[in-house]
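Think of it as A, B and C in the order they're written, each chain with its own count starting at 1.
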Amino acid sequence: MMRTTKLMRIAAGLATLGLGSAAIVPAPAVAQSQHLEIIHHPNYDKSVFMPFSPAIKIKSGKLLWLAGGTALPVYHDHPHKREQILKYLANDLEGQVRQTMDGIMETLKAAGGSPRDVVHVFIFRARPRMGDIGKASAVVNSYFAPYNHKPATTNMAVLELGEPEQLVEIQVVAVVD
Amino acid sequence: MMRTTKLMRIAAGLATLGLGSAAIVPAPAVAQSQHLEIIHHPNYDKSVFMPFSPAIKIKSGKLLWLAGGTALPVYHDHPHKREQILKYLANDLEGQVRQTMDGIMETLKAAGGSPRDVVHVFIFRARPRMGDIGKASAVVNSYFAPYNHKPATTNMAVLELGEPEQLVEIQVVAVVD
Amino acid sequence: MMRTTKLMRIAAGLATLGLGSAAIVPAPAVAQSQHLEIIHHPNYDKSVFMPFSPAIKIKSGKLLWLAGGTALPVYHDHPHKREQILKYLANDLEGQVRQTMDGIMETLKAAGGSPRDVVHVFIFRARPRMGDIGKASAVVNSYFAPYNHKPATTNMAVLELGEPEQLVEIQVVAVVD
């Protein structure tokens, strides 16, 4: 989250260097996807910290639909094996989110995509405790922050995921060349 | 819901004015999105009242993916502020659905879209009571009825949304120019 | 599941007939959708049985968004009628999944699509018991196995669906001509 804030400050700094001249458009700190247009309301109050975009328009490219990812390796036996569950599904939400996002990043890469190409993220949590939504979001957002990108996000707790030990499932749609 | 029924009666009336001539195709009461094709089964029994379309095909335009909307203003502080939760998340499902849909309409408009351009609506409810599914749907549908439009819809109750007080989260995909 | 395994064996058999010659590329047992590209990781260990694809890229065609399907007939009265609930929503997960998938297949067909064109499947279960995820998946997969197709899938249990008796809701995105 720190990283996003810093990048935003850099971007704001670059904007200030434009000295009010409409002709000088500062480039963003990190190039964003050419396929996506981030939608903001005309009355967007930038002093409000928003960890996600209200909407994203897909201008070009091809849709990539990922299966719901879990903290298990992307390729894992079915039905699930007890020893894999014990090995990968520790009772640690942030750890499970990290493992899940690592698998999603591998899948994105296999399709020629990057975190900056992610359109929407569904975060489904199980066994929720107060504050979990923020903890899960912070880890998810850390994967996009280096690209100064904020996907549209929907985050909730459901009754149960694939196994009683599974604390999170993340489902992503992206756009690739 | 009244509005839909009335519009359907008007549309049926216009159809009747076609007097059986295939050459005279009456325009719908309100123009529907040119980007979307509503899919119905060949054996569709129109006497059954359907508040949603079985499927929608996207013929043209660009996809717009919205983040899950809530009864909080679209732009709200993160982490959530206790006073905002108390102000906006009253224990009133229909009120929360209305506030949520108002925010979604603003976001749609910011992207150049309209209610008629909505493809799919996920309605996620929390703290469900018997009858809530119909109450939430009626409010959601009232936003599309003036356009004689019925998005494909998926409606369920989940364990918990972003805050214990949050009763609904709505996630929309639309198509825009 | 048996069917998938058999088709995979046939495909493997055809591959063997290629006799190691790169010039002879055996056609898959059943032609897959020309619109979709199945994404696999470069290190994909094929000895691991995967009932779904990690991701699917949409290369061409038009998106088709289905409403969440249930074991009720696709066209059913709203609000739901008690006698329809009793008739169609028996306490039998696999039966409800089959009825739901039958309705989805009808809708796909009405749009000119086929099971091979399905991109992503959300399986939302209610009243979960241990093992239900596998039971629901096996029935869902049996609809795609004849086409040797494995959609990207996300599977979870939610708190409640449209009626207390409803055990499953399935939401599909596909691509059609």
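One rule holds for everything that comes next: a residue touches a chain if its C-beta (ideal position, glycine included) is under 8 Å from a C-beta of that chain, and two chains touch if they have at least 3 such contacts.
The structure displayed is predicted, hence computed values, not measured ones.
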Comparing which residue numbers chain B and chain C contribute to their contact, where sharing over half means same and under half means different, the two sides are different
One copy, chain A, sits on the other, chain B, after a C-alpha rotation whose size in degrees, in steps of 5, is 120
Cα centroid separation, chain B vs chain C, in Å, comes to 26
Residue numbers in chain A touching two or more further chains are 63, 126, 158-159
In the complex, chain C touches chain B at residues 62-68, 74-79, 106-108, 110-111, 122, 124, 126, 158-162, 169, 171, 176
In the complex, the residues of chain C that touch chain A are 39-42, 44-45, 48-59, 63, 119-120, 126, 128, 133-134, 137, 152-159, 173
